[in-house]
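Below: the structure, in structure tokens.
As written, the chain order gives the labels A, B, C and D, with residue 1 at the start of each chain.
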Amino acid sequence: MKIARLFIAGLALAGLATAASAGTLDEITKRGELRVAVQTQGPPFSLVGANGERTGSSVELAELMAKEMGVKIKFLDFDWDGLIPALLSGKADLLVADMTPTLARGMKVAFTTPYMYTGSTVFTKADSKFKTTEDCKAKGTKIAVLLGATGEKEAKTAFPDADIKSYKGGGPLLLDAVNNGQADCGVNDVSAVKGQSTAYPAGSFTIMPDLLSKEPLAFATRYDEPDLLVWMNLFLNQVTIDGRLQKNLDHWVNSDAWKKDH
Amino acid sequence: MIWQQFLSLAGSYPLALRGLGMTVVLSLISLVLGTLLGFGLGILRTGGNRLISSVIGAWVDLIRGTPFLVQIFLIFFILPEFGIELDAFTAGIIALTNLAACFICEIVAAGIRSVPTGQVEAALASGLSRWQRMRQVVLPQAMRIVLPPLVGQYVLLIKDSSVVSAIGLTDLTRVGWLVVQRVPNGLLVFFLVGVGYFIVCYPLIMLARRLERRMGAAHGEVQL
Amino acid sequence: MTKPTQTKTGPAKTGMIDFRGVNKWFGALNVLKDITLSVEPREVVVVCGPSGSGKSTLIRCINGLETIKDGDLVVDGQRVGDPATNMTQLRTEIGFVFQSFNLYPHKTALENVTLAPVHVRKIPRAEAEKAGRELLAKVGLADKVNAYPAQLSGGQQQRVAIARCLGMRPKIMLFDEPTSALDPEMISEVLDVMVAVAEEGMTMMVVTHEMGFARKVAQRVVFMDAGAIVESGTPDEFFSHPKTDRSRAFLSKILRH
Amino acid sequence: MLENFSFRTIVEYLPLFGQGLVTTVWLSALSFVGALVVGIVLCAMNLQRGWLFRAPAKAYIDAVRATPLLAQLYFLYFGLPRLGFVLPELVVGILALSLNSGAYIAEIIRAGILSIPRGQVEASVASGMTYVQRMRLVVLPQAFKVTIPPLLGQAIVLVKDSALLSLISVAELTRAGQLLASDRFMPAEGFVTIAAFYLLLYYCLKGLAVVSSRWLGSAGARA
């Protein structure tokens, strides 16, 4: 602890130095490269294809951002543990992942205005005895959620008597857990569930029509990059108006169209 | 279903090979560096200087006692705040080298301590210098004790290298995580990842076992 | 005489090995008590006494394997333990033969003999090997040049150890119970080599209970008990007319069989 | 990340860390006991003359040593249900750690037994002891002394390895740190705190190793 305190003392100075530097956008222009941290949580937002090529809804939006900036893009691929440190330590300019901008998180990073709304849904194995969301409220039901995701919180509120199990490693593993019987139900973002269940034969899962919550998704950057934040909001505004956002979401999130290419 | 998934996985072999390559290159570099550094530290650890020895001891404890993930985070994310900016590969090499050096230091120190004092006295009596005593008399005999666990430690370190995925390097384990997004079958994917590690590690385990047998049978004990 | 007392540099008359009022403690135990002893060049001194009497410690002090607490120990004109003395250099002048041989198990007989000459004396390897072979032949081991210690009997190992010391062309040879760890039938082959070394005029201190050896080559026998030198004299005097009860008791024990 | 390091938040999450610490401790302890059992059985198999027992033991030990714990954990976690065993995460986790550490412990015990001088075994054979008596009265008590330090070393490894169980939703120490990282986006606070707790556990185990080796050392001297 002592060492940490020493760190902080030394770093207060270092922090001042970075805060005083030029605008992030200028820096990006000069560098000619936009550094984006992504979390490869699975389709439809971010995935890696068979040959290692990176793709997905968020990934394409980030590429569009770089194109509009007129710079190249560099993806930094971290697992969940490394994602936030990458942004906070300045290794990445911004964070593109299917993240819910909660108020608590907003204390540490600067979120853009939400670019889409989704929500947590409940899914079960098609032939299981859990047919409705009500069924999953039974005492001792094993419910799979993603560690740290908003679905985890939603599940705790919606199923107070259930046995909540938090997994790491992305939505597909929740489907795997439910498919294998480690959990009775799963709770995750509806777009993710729909996108990821396509890896299974059609009709493997029952996805409940009702949503537990309505959640926004947003990109994130740091509070010491206000110019970048303003620009990102402007970008989202523009692509909403000219329909490019809708096209992206229709391809990736609202349909299985992406499946054809991957 | 499984066959279909397997075919889909087989299509990812270039990615898997890249991951395996990253694991091998990362391990190879840091094991070589870590071995050199570890031997140096082990020799200093058993050398006469109390202060140096206890500083090394404290450092080894700190590294052995904390999760490797935290060490790699400190090097990659926190050092930049002190003006030391490293790319992920270099940070991974540094972290893994340091980890290797600390474990190897303890193995080497134990080996050196196992050499009978009579040997050092004999070398001392014939006027060999400190370095000559170490080089000609102590280390060759310590190697008998050191080699088998050293190679065993290599295997552990190769497996520990998977933690580098936390700072964005695509090693074999990371490939597993990426692929499982597309082919959601944890059993199959990580079984294959296990096979990948097995291919790298098993020859080393065989080597360790052979060394152990050879060292045990070699011109070991002085006959009384 | 410019200085009336020469406590630091030693008196004008100096033996090859000079103990003057040497004391040593292991913790509270006074293992060497006020030792004063001088060994002349070419002299052979046998040190004997019951186990724990400090005789091994005594000779280990000479090449600095043990450090002394107070008193002076001058070897070949140099003070042992003085920061100004280059101990590594001094040790090259002193051969030391251990009870347990301490041959390097990872090196052959020849490599054991040539290691120090090559690395310390910087003698070219070919030359050192030639000398090493000659030495091994001299101790009767011409055919064991490439054998590893584990392939040699105890007596052969000890002879290699003696050859290893001689390879440095030392001025002094110290022997710490060189035959105690040997089977009886091997003792004589080692003693024969030691006699040969003594007859070439080597300065020697030998800790041993081999009284035959003492009678044959020693000029002096030193008897120690409880860390002190109790008696010192020619072998004849010591064996025939021991002066103290302790030495009589000791002799009666070791000569009984 | 460090200039805004918030000790206050760590304190706020301390109860969670405490619970995680307790879980880590008892599940590691249980796994270690399990690993000892696995290790002793494997080692006994490995020391038999015939290949019937030795070959499977060797194959198992090699397979475990050559593959990462992660793969083994998933193998059990996703594999067992296919065979019809759906076990709670904690049970799977403890099983995985026991089976993993057991392989290493088997090697440690074997090295300990082989370190007993031949003369000891010969003396006990000469006095007419059976194999079991020889093991129980002569070999194992001596081997025990040699194996205690490496066994505690393995215990340290096991405690750190237990962090992997957070992957299958066991709420242990690492999970607590990850929660702080994902709820509050405070990774530095989360990971530095778990590092401190692991270090604490490390020093406890190391202290135990020092005390036990001193105790065993003096016991050996008395014997």
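Convention: a contact is a pair of C-beta atoms (placed from the backbone, for glycine too) under 8 Å apart; a residue touches a chain by one contact, two chains touch by 3 or more.
Quick caveat: nothing in here was measured; it's all calculated off a predicted structure.
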item	value
Required steps from subunit A to subunit B (each step between touching chains, minimum)	1
Chains contacting each of subunit B and subunit D, listed by label	A
Label of the chain whose CA centroid is most distant from the centroid of subunit C	A
Middle chain, criterion being Cα centroid separation	B
Centre-to-centre distance between subunit C and subunit A (centres being mean Cα positions), rounded to whole Å	80
CA centroid of subunit C to CA centroid of subunit D, Å	52
Between subunit C and subunit B, distance of the C-alpha-averaged centres to the nearest whole Å	46
Subunit A and subunit D, separation of their C-alpha mean positions in angstrom	36
Touching two or more other chains - residues of subunit D	1-3, 77-78, 82, 187-188, 191-192
Set of subunit A residues in contact with two or more other chains	7, 11, 14-15, 81, 85, 88-89, 169, 176
Touching two or more other chains - residue numbers and ranges from subunit B	69, 73, 77-78, 81, 185-186
All chain pairs that touch each other	A-B, A-D, B-C, B-D
Residue numbers on subunit B that touch subunit D, as the complex places them	61-62, 64-67, 69-70, 73, 77-78, 81, 152, 155, 159, 162, 173, 176, 185-187, 190-191, 193-195, 197-198, 201-202, 205, 216
Complex contact set, residues of subunit D against subunit A	1-3, 5, 77-78, 81-82, 86, 89, 166-169, 171, 175, 178-179, 181-188, 191-192, 196
Residues on subunit C engaged by subunit B in the complex (per definition of touch)	63-65, 88-89, 91-92, 94-96, 98, 100-107, 115-116, 119-120, 148-154, 157, 161, 164-165, 168, 181
Footprint of subunit B on subunit A - complex, ascending	7, 10-11, 14-15, 40-43, 47-52, 76-79, 81-82, 85-86, 88-91, 169-173, 175-176, 179, 196, 199-201, 262
Contact footprint of subunit D on subunit A as seen in their complex	1, 4, 7-8, 11-12, 14-15, 80-81, 84-85, 88-89, 102, 104-105, 107-109, 144, 147-149, 165-169, 176, 180-182
